[in-house]
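In what follows, chain A forms one complex with chain B and a second complex with chain C.
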Partner chain A sequence: MSAPLLQVRDLRVDFTGEAGTVSAVAGVSFTVDRGETLVIVGESGSGKSVTSLALMGLVPQPPGRIAGGEILFRARDGRTLDLARADARTMQQLRGAEIAMIFQEPMSALNPVYTIGEQIVETVRLHEPLGRRAARARALEMLEWLGVPDPQRRIDAYPHELSGGLRQRAMIAMALSCRPSLLIADEPTTALDVTVQAQILDLIRRLQAELSMGVIFITHNLGVAAEIADRILVMYAGQMVEAGPTRTIFRQTRMPYTQGLLNSVPRLGMDRDAGPLPAIPGNVPNLAARPAGCAFHPRCRHVRPQPCLDRVPDLEDCGDDHLVRCARWREIAGEPA
Partner chain B sequence: MTALLEVDGLVRHFPTAGRWLRAGPPLRAVSGVSFSIEPGEVLGLVGESGSGKSTIGNLVLRLDEPTAGRILFDGQDITHAPEAALGSVRRRAQPIFQDPFGSLDPRMTVEQIVAEALLIHRAVQGKAARRDRVVELLEMVGLGTDHLQRFPHQFSGGQRQRIGIARALAVKPELIVADEPVSALDVSIQAQIVNLLRDLQRRLGLAMIFISHDLAVVEYIADRVAVLYLGRIMEIAPARDIIRAPKHPYTQALLSAVPEPDPDAKRRRIVLQGDLPSPMAPPSGCVFRTRCPYAIPACAETVPDLGEIAPGHRTACIRADIL
Partner chain C sequence: MTRYVIGRLGQLVLVLIGVSVIVFFTMHVLPGDVATLLLGERATAEQLVSLRHQLGLDQPVVVQYADFALEAARGDLGTSLRSNHTALADVWTAFPVTLQLALSALLLATLIGVPIGVVAGTRAGGMLDNVLMTATLFGVSMPIFWLGLMLLLLFGAGLGWLPIGGLMPVGLDAPRVTGMTVIDSLIAGRADLIAASLRHLTLPAVTLATIPLAMIARVTRSEMLATATLDHVRTARAKGMTERRVILRHILRNALIPIVTVIGLQLGLLLSGAVLTETIFSLPGLGRLMVDSILSRDYPVVQAGALFIAGVFVLVNLLVDLSYGLLDPRIRRS
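Take a look at the complex of A and B:
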């Protein structure tokens, strides 16, 4: 079997500030292959967005730095590059051409003083030896492909003239114009209305199949994760706490944090007379004050002084490509130790 | 029983700038919305951006004045009442905002933030009594004495929203207008705040307008739900009925678009085509017709009535009989 498209091994990203150094990402490992969607689920401070910035070589330095680990990316020319150590020039060549990223807020990725068309043309010409006319034809083709209605007119529109959904499509058109093999999508539908979110999720699925891209999709919304993920990685306080195939994560949840998240999501058709929503108590931890032992222990209903407070639990394999970071998962699942 | 709040034919147009010095067509944020709320009742307002749900909240709180229509609070017409005449309404109707980071003054301590409302409305006399009341309020929302002297930045998002709730409840309001009170919070914190709001609402017998784009949260907390689209109510019904048996094509599409946290969920998704029309030039007749899978030529002709199709269940669709 050939190497996967992306293999991340024990990635660590530190940030140094007045209060000292904190690990925003403390040892994350995963792989993504072509045609596969990995969803990273987490709340604020979980490290999910910093992980994606590290993959793009966009961790702000200083205060941040990649403190360890490898990001092995299989480039189009067959070489395997370690992005954790790649120089700025290499990253610049890869970004947009082979690895693309889309964001929650398209206005932050689009330049307000250029038309949509001009921005796609610029991206295309940066990476491919195309003339203006050919690049514009490509831009038009992209907009059409992304289901932008009336592309002939929209190509000359400025970002502020478009609705949120169309802006998101324009940004995706720009990101995909060079047919990248890896797409990183950081909460791309969070700011959108549900009906538009449904359109964009359908779109990302279709584009992924057509380009056979690997996709890393970052979200806090478990509904979105259930819909789009092949595999799910759950992060908490900078660590991966559970990972596995989507159905396994939803059906054989092992990590109490994941279970708590799943329980606390309000669902349509719930019986509200059955009592309060099963909430996770406490607050999302501050990275500068990561709880000792298992980072989730102050909020966990299964916590025991030992082993939960003693040391950071290992990431254990519980079979079928399913990893969990919980010292008590066997007991909780009712399995022999 | 008289309604605590009655809103009748509410309209809010915002002026827009046109070419040169001329005014453009007005932005029709709210176009003829009527509903009423009983004491202790929770009405959910759902809709997507541009539906007018937040504008309605602002109008009801008289943070904004309507272009037309009437707002009666406990029988008193407050539509255009001057500030001086609003006195008791300002106390009896309180807002809870979405952004717990932007809605608390960063230079004030928690005690000052919560006590400010007590001072303005002269609700409690004496410094000691005021502090007692602030502590009581903080305890009600799950905070305590040791938080009194802290500043907003020392709290997490969920805790800040608790402070916002304590502030709203300080003056014993009868109506709360909560505009997206949990949408800025982390998933694991949302449930805590939803539980707190529902618990306080029931314990204190509060009426509430709960504005949200999250249908599951609204179903959980609201007794009745109004679904808005381009400034009009498309459907209004008891929460269960509207979620389990939606009758308006827009409500159906909206519900079908909600992603369920279940990889095996069978869903028949109704994907709406196109974009929301401009609120400066809304479609004639039914405003939803340009994206409605069931639209017929007659839909363009008249604005459909919000007609009752079952007890308490109203829908604005001329094709309600075939759906």
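Take a look at the complex of A and C:
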């Protein structure tokens, strides 16, 4: 078996501020292969976006830096590169060509002063020796492929002249214009209407199959994760707290935090008399004041002084490729939910 | 678009009326009397009365203004009390001198100020940023007459590298076409004229460029910093661009509107306010003309000059506003 497309091992990203150094990402490991979708789930501040920026080599530096770990990426030429240590030039050549990224808010993520055509052409010409006309033809092809209606006209539109859904399609066209092998999507549907959201998810799934890309999809919405994930990785306060195949995560949820996220997703046919949708009390901790022991313990309804406050629980394998970071997962699994 | 321009030109008329009223009445409030200045100390009372009558100065101020406004509406701003040219002709003769000086100063300020701002803005907080920003702080706070005198003493009088004043060496002149010595020399196609005109322009242009240069550099720096944090810059990096390309095409390009605004404002100011520089380097420009005319109570020339400057100011601002549409497509259609 050949090496996976992307293998992240014990990734750490530190940010240094006036209050000292905090780890926004503290030891995250995962693999993604071609054609596979990994969904990273977490609330704001969980470290999921920083993880994705680290893969792109775009952690703002200073104040941030990759403090440890490996990001092994199998490049098109067959070499395996450690992106955590790659130089700026290597990263520039990979970004946009082999690893592409789409962002949450297409209005602000696109440059307002260039047409979408110009922005797609720019990406293509950065990485491929194409002339203006050939690059424009590629851009047109991309827009058509992505189901942008009337692409001949839309290619010369500025971002503000398009609807949110079309803007996100243009953004995806730009990201995929060099046929990357890995796509990182940072909450690409969060800013969109629900119906458009579903279309974009379908689109990403279709494109992934056609290009057999590896996809890392970042979201705070487990409903979205259920739709597209092969594997799910749940992050909390910079740490992995649960990871595994999608079915396992949904059927045998071990980590109380994941359980809380699941309970707070509204579902059709829910009993209205059951009261308001349960929310997880409290907030994601400030990383500079990480709680002692399990970072989730102040918000956990299963908390016990022993062992939850004593030490940071290890990430344990509970079978079936399922990892969980909870000192009491065995006891909790036996308790009634 | 056309309607917008017409509307703005309509505003120009209002501005000109306002400026003419203010200039007219302040000039009349000023102590001092043209007739005395023209005829000298030993003029008789009858001569003074007769000259005042001839000039219309014995009428009430309001009547004088009405007379002036009627004539002005027909394009006649009166005759200079000193030179016997029409007031507008005097202004027209002086304007190219100021225009050449202002444009070359602004060109220098832009060509040096914008790169300084870009370099400082992309290394914010670093050593180079601190050095450059301290230097520009000196630039904005330097009294221009002092700087001009120091440059003149050093490069003109001391080292003798550059002429100490005037537009051209005595006895050497290009045939007047535009009134701008460098351009006229280029038209004449003579290398000696071109060199002489540039040598005369250097010190005044450098002096006048200092403050705008510092302002442009500081605004460019802060706009670069603000734009660099926007999401689309991260997208640009995610596309695999070199940092240089990100800075020029995705940060500087988007930061241009405020930079162009400052450049435009500075042009308006330079065109109307090169008085000190023109005085230090004995250049017969608009600023000098205005000061001399105010001192000699040459009302028509002051009035014509003030209206001219106001008009130029409004037009420059209109051009700046129109340029926004070119710089930002979001503004274009509204």
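Everything below uses one rule, namely that the second predicted complex is superposed on the first by the 333 of 337 C-alpha atoms of A that agree within 3 Å, B and C clash if a C-alpha of one lies under 4 Å from a C-alpha of the other, contacts with A are read in each partner's own complex, and residues count from 1 in each chain.
Here is the rule we use: a residue touches a chain if its C-beta (ideal position, glycine included) is under 8 Å from a C-beta of that chain, and two chains touch if they have at least 3 such contacts.
Values in this document were obtained by computation on a predicted structure and should not be read as measured data.
S.K.: Considering only the touch criterion stated at the top, classify A:Glu105 as touching first (chain B), second (chain C), both, or neither.
M.R.: second
S.K.: Taking the superposition on A as described, I'd like to know which of chain B and chain C A:Val8 touches: first, second, both or neither.
M.R.: In the superposed model, A:Val8 contacts neither chain B nor chain C.
S.K.: If we overlay the two complexes on their shared chain A, which of chain B and chain C does A:Leu58 touch? Say first, second, both or neither.
M.R.: second
S.K.: Going by the contact rule set out at the top, does A:Leu94 touch chain B (first), chain C (second), both, or neither?
M.R.: Touch partner of A:Leu94: chain C, not chain B.
S.K.: Is A:Ala135 touching the first partner chain B, the second partner chain C, both, or neither of them?
M.R.: Touch status of A:Ala135: no partner.
S.K.: Given the touch rule stated above, what does A:Thr123 touch, chain B (first), chain C (second), both, or neither?
M.R.: The second partner, chain C, only.
S.K.: With both structures placed on chain A, which of the two partners, chain B or chain C, ends up touching more residues of chain A?
M.R.: Between chain B and chain C, the winner on chain A residue contacts is B.
S.K.: Take the contacts of chain A with chain B and those with chain C, and give the residues found in both.
M.R.: Common interface on chain A, chain B vs chain C: nothing in common.
S.K.: Residue numbers of chain A touching chain B in their complex, please.
M.R.: Checking each residue of chain A against chain B gives 43-44, 149, 163-166, 193-199, 201-202, 220-227, 229, 246-247, 250, 260-262, 264-270, 272, 276-281, 283-284, 299.
S.K.: Along chain B, where are the residues that touch chain A in the complex?
M.R.: By the definition above, chain B touches chain A via 48-49, 156-159, 186-192, 194-195, 198-199, 213-217, 219-221, 243-244, 253-265, 269, 271-272, 274-276.
S.K.: Can you list the residues on chain C that touch chain A in the complex?
M.R.: Against chain A, chain C makes touches at 230-232, 234-243, 249-250, 253-254, 327-330.
S.K.: So in the complex, which bits of chain A are touching chain C?
M.R.: By the definition above, chain A touches chain C via 56, 58, 88, 91-97, 100-101, 103, 105, 108-113, 115, 122-123, 126-127, 158, 160, 171, 174-175.
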